[in-house]
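My questions will all concern the structure given below.
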């Protein structure tokens, strides 16, 4: 990161020229601002950052940044990112996902990413709906939310991403609101700097399919308590909160998973010896 | 918020306010371009241009003061965003100039409030004088926007009524 | 159905193609949908597709329509009428909306710059200030003016349009209806002022109006599933298949079935396998990426002999590709996607309306043979809204050879004459067995013996290869030494091309496969008997269908493969031209 | 279940004639006994029970029972079972899985099965290893367990199935030990009877690849506290226990997910009306 | 290499096939492995496969071996020597261990009933009380007696065997070594008493003993990967691919790479894509069910142009199938499994040792073309342990056209002459782009325009179709008007069949494809020029390879497809017989 120290990067340096296709009013615009702001704050060179995603409105972010990006397939961003980070520990790796991409089809990789604790930052824009496919319920959708696919609601208990993250071993857990780009950026800076797997859930309204979420700005509030490093306590706290508690909720101390790479102890030819009789 | 203690700090913040306003208006213009609202695209580009000029004015003032290089997180805003940045959550692709000007108005008012509170709480006379200057400038902007708004009646309730359904690009 | 180009401008045309474009909020798509419904009330046939920008809302949009008093196989080659409510980003549609010098183009002078494509085409243009005119009507909207203009220029009876307005907008209140009618009247008046009519020949006003269904292929697939006996569905949303699910969810509930939204496609296909194991005819619907995820378990259904229907509404590939556009390039994965030798059924609907029959038939076949059936619909078939005759009632329904009463010494995978073994349904005493994806013996017990492996592989092959599929395996038309051989949604353009050739006295056959796998090799040979030349037509980049045919059967000596990737569907005139050029 | 009341079933009625291929000494033999014992206790007719599994040594159980069985593909048993149960609510549905099948490849379905809360019983034979593929670490394997694939250990924090089950909404959560077939059978009876999704983790030693697990019989102990119906408290309790606490840990009250099925309100022909102009 | 049957019983044979069977705990497999290693020290070539019951431990097992002083292409048609430590469940192997009247069968009188297959074959039998004899030796084991018997009957020098014993058992302490040696001596003595020798012609004792490698195909694939530059692997265990991973895990660490055990195959292929995006040549290995799960992301790698290597060690299919047995039936999924048109590379090693070269070449090709390469190994190749010559060093190594210094105006998917676009590696300033599975333009920006779609589809096709692959695309041998056309692991039996025909003066060609896709149509035509008859040989139920060839190229007029599902590999004599029968 010597490059980064030499140059002072501005927020604009992390934005690409590609114009978002998001609906005007979408919370994801704010998230884009928060991410670029956080990167500028940290000062890592744009080319040393990789932003990885799956499929969804939220997953469109990589191309809107001026970093290296990968817009992969639906639900697999965490695995792709883990491969990248393990192979290239020098990079700063962010993963940008949605509640469908991350918690429905991508749920298993979420569990295992938390457990594996590779040093990267997972940002999920939770709008409690599948925006990209025109408004179906996601795992975080309220049980009574009416839609064409689930008339009258799914009747299912919403998925609790923060608790799952804690239960499966994430090393940093936070919730923010897209409508507070400064607050979100601050948390992202901390998340990126925190070693190991950091998970930040950003409540990010979908104005098109969930216009009711415009109300979120009146519902969010800062977590009334200090972050803890006791996962069990943090989990219990979140399991009983109202879902609109913002802030850093957990900071863990587990060492990140990072096998040594790039340092050969033997020549390729030496490996052959085992076969020779 | 108002723990800005010297001129340099104040200038840095004033400049940042305008810069972010420019970026924000440009972003909005882009959104309108992508969503085929050319009237608003033009309007937002114009607003961006004006804020840009304002930023330029401040920048010239910065040359002789000792202005710190602040990182994004080092700016001390009271709200969730810099005061003159339009809230992106309030945007709609079918919005009319009336709406855009309402947003601009709110932004200018917030900027005014920022400097206004500042000038009232500042003790250093130099800072007070500068804050005063900025506040007045914002006040002028507020007046300008209000004047512009007179040209546009408030649109009907169904202004955002899009008969066509959303589509699914992926 | 011949091309509209072939009519003189003044006389009523056999078919008319019309496009209404406009950007976010102008309501171009809604106008198109109303025009379609109005035409349906007149008793016309029709098709409407739409093309849109990448934005979720507020993007540029085009409603593309075609009407005729005769059944319509496909969209036309070019457009007779283009109405631009505005021109913003309309050049996105340049490739899709072919104009000729016979085309009529109506634009709004305040709607931005007319794109190059219009003057280049030599089309006749006129201006109507739709936006300004709408402003003068309280609650008036420009798209309703455009609708009036369209109806006026086409010469459709306005009463039918008003009936649609009342039905659609009635719930919004009288004011909305009045405003729309007023706007339409203005549009009609504007149209009347112009010398730009594109009159369509319509059923005589006195005759009784034939009844029409208005339906998309995705809805038709849903309806076909239910007619075929499907009572359980599990799926994960994906463009362009989601509407099947959204139609099925409430519909299944009404007929005593259920749809479950799964966490992903791996789950949805397994849910469907589980439900079918439980005796309920079951279906899932998806598109390419989802089918890819289902592949492992499609093999399980094959090996364990569980009937299921998988509707794949194809889109541009590979990978995420072009989700909103049509392509036929999932043919390979549908036939050959499984690991190991996993013979199963692959079918394809031949038209929007045929999505109903083919899905129903697929449910019937899957159940009859206890094998998975993949139905290859595509974005064009699935999302095109069509005016059609009510599809005939057919007897095909899920009827599984099942053990429903207590048994002894039950062998689930017994080798039988038809190679289909009666399936015990949980709850039946003595029928207990374990369905298995491992190679097994007749009882279902895992085995790695060559004999068991081969016996069960033979069984699974034979049951689908020796089944009598009847005439539905293909649509065959025409005669002559040249044949157009195609499948699925390309049948429409091919059918129209063959009809046009016939009008010019050029004999050609159409052979359009509905049953893709197992390929009916003998029947195909019969259908092509006497053919010297075969043009294989498909919407893929690599000629997947052509390769598949080559791999399975001997085609006549002269074969040409005419294929192209999406998103532009091959047009009838292109097929027509290929045949004419070949003959000369 | 009228059938069941009429006949008195014996444990043997639930065992098939297929002979297990398991290693002698494997804990799964005991589990088979516990399952058949529990079913006999409940008295449901064997033909009204379906046992669904994926792939692994543990997943071989269905064919060893005299119930309807499905030995599907690796990791997907929960989804298959959910489809079956929703379509056939009259059946008693058990799922038998292993720590690899259930928590590695099958993790996402685990999350969503807990959330969906279909009335079925999920039995995972946890031997902290992939038995069937000859001894690789599974998600529950200790971080320092040495193997060919992970020489010196994975270094990863073990996955905590019970906590995940609680965090994602399972309605009944218990842990038992295969070496106590009576105790296990008792818990299974309760789990099967409990409405909604019940999860029972059975510690079941793999004598071949984890001979050290023979020691488990000296390590397990009954949970020192009563089961609770407070998921947050249960989670916290389990997150801090030693992993060898046995017993029912949580009993919830959520209503199972079971859409009405089989009762038509309209004729198929009626659906056509919407299409007619 | 001619069949051992063709030798007179007394004279040294060109090759000898031997089977050692025994049930759980008898150590038959260990004896086999030691015999193989001893033969290697003698300088022989050899192969050893094993066949086991379904039990995880303690099941019946057979070590199947073949030796020769000449390179061996495959297992023999039948067995010269069968030693049964006991007979429990030995009939499971009846189909695999073909006996003839020339065979010698040694059993233990206390080892249970000799299965039918032995008397039916007419083989000569003898009894040795291995168990009882072992009891008399402190620490002695019956398998060591069997080993002694084998070495005795084959006429191998016992010194080499003792060297193996010392190496293998040295760590267990002197006692173990002494006991084993004693048991072997007893076995040798017993063998000497018998009139049942099956002498093998061995390199003369004076000559310098040629150096041998002992390696399985799975190990060879791992070694090839590392030689080819692979430095990252992610995978999920699955039979019969796990040994690749278990070999690679420590080996990669030593050369500065790493292997990650993923949560499933969906994750493993995506990890590999991520690492390769980061610039590290990367590989995963799996078998059919895992490949099925990787299919969606294989399409992503194709569309986003990320080089990766996927080794598929095929087993019996479909579905879970027969995990421990070989089949070639993943050919279809490997070539055609993706949705959309997704051209990529498919290769197959032609022998156990060739797993090294082919995997290395695959890594080179994948990187050169920025495309995924699927290597179709199979259970036979992967798990057979072979004595081979050290594979030659070849220059193929991962060398990606990469942008490694700061750039401007970078376009990731630029259309270039070779259709390969230099790839910016994260960290390079100005190279920032977003890799995408959506259809994109040259810069990588998503697009649904027909022009961009076609341009990128063309590019991805052209880069692999116009690449110069050199001579490695196939192994071609022999001449004549008849050809045996095969691929992958069936090359061995085909090669031996052609050699036998040649011995009898029957000319035949062998064409064995190493590069399956893209099919080298012109080169294949040249290789087959002048051929009138082609026998297509493969281990599938449906003739997948035959169908694929038909689909892609014109074969000579007379083509026969000779195929069979697993688990029994097609034998040289069967191919030989097909050709002879056809000629007559």
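The chains carry the letters A, B, C, D and E, assigned in the order they are written, with residues numbered from 1 in each.
The rule we apply is simple: contacts are C-beta pairs under 8 Å (C-beta built on N, C-alpha and C of every residue); 3 or more make two chains touch, one makes a residue touch a chain.
This structure is a prediction, so every number in the text was calculated from the model and none was measured.
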Using the touch definition from the top, what's the fewest steps needed to get from chain A to chain C? 1
Note: of the two pairs A-B and A-E, more contacts are counted for A-E
Taking mean CA positions as centres, which chain lies farthest from chain E? B
Let me have the rounded angstrom distance from the C-alpha centre of chain A over to the C-alpha centre of chain B, please. 29
Centre-of-Cα separation between chain E and chain A, whole angstrom: 42
Counting only Cα atoms for the centres, state how far chain B is from chain D in Å. 58
Averaging only over C-alpha atoms, locate the centres of chain D and chain E and give their separation in whole Å. 38
Find every residue in chain C that makes contact with two or more other chains and list them. 54-59, 239, 242, 253, 263-264, 289, 296, 300, 304, 319-320, 323-324, 436-438, 446
For chain A, residues contacting two or more additional chains: 21-24, 55, 71, 73, 75, 104-105, 107-108, 111-112, 132-134, 139, 208
Going by residue number, chain B touches two or more other chains at 34-35, 93, 165-170
In the complex, the residues of chain D that touch chain E are 21-24, 55, 57, 71, 73-75, 104-105, 107, 130-134, 136-137, 139, 148-151, 154, 208
In their shared complex, at which residues does chain C touch chain B? 23-30, 52, 54-61, 86, 88-89, 112, 141, 143, 239-240, 242, 320, 323-324
Touching chain D in the complex: which residues of chain A? 104-108, 111-112, 115-117, 139, 155-157, 159-160, 163-164, 166-169, 231-233, 235-236, 239-240, 254, 257
Mind listing the chain A positions that touch chain B in their complex? 8, 11-12, 19-27, 29-30, 33, 37-38, 40-41, 43, 55-56, 132-135, 178-183, 185-186, 189, 205, 207-209, 214, 217
Show me the residue ranges of chain B that touch chain A in the complex, using the header's touch definition. 23, 27-28, 30-35, 69, 71-73, 77, 79-82, 87-93, 95, 165-170
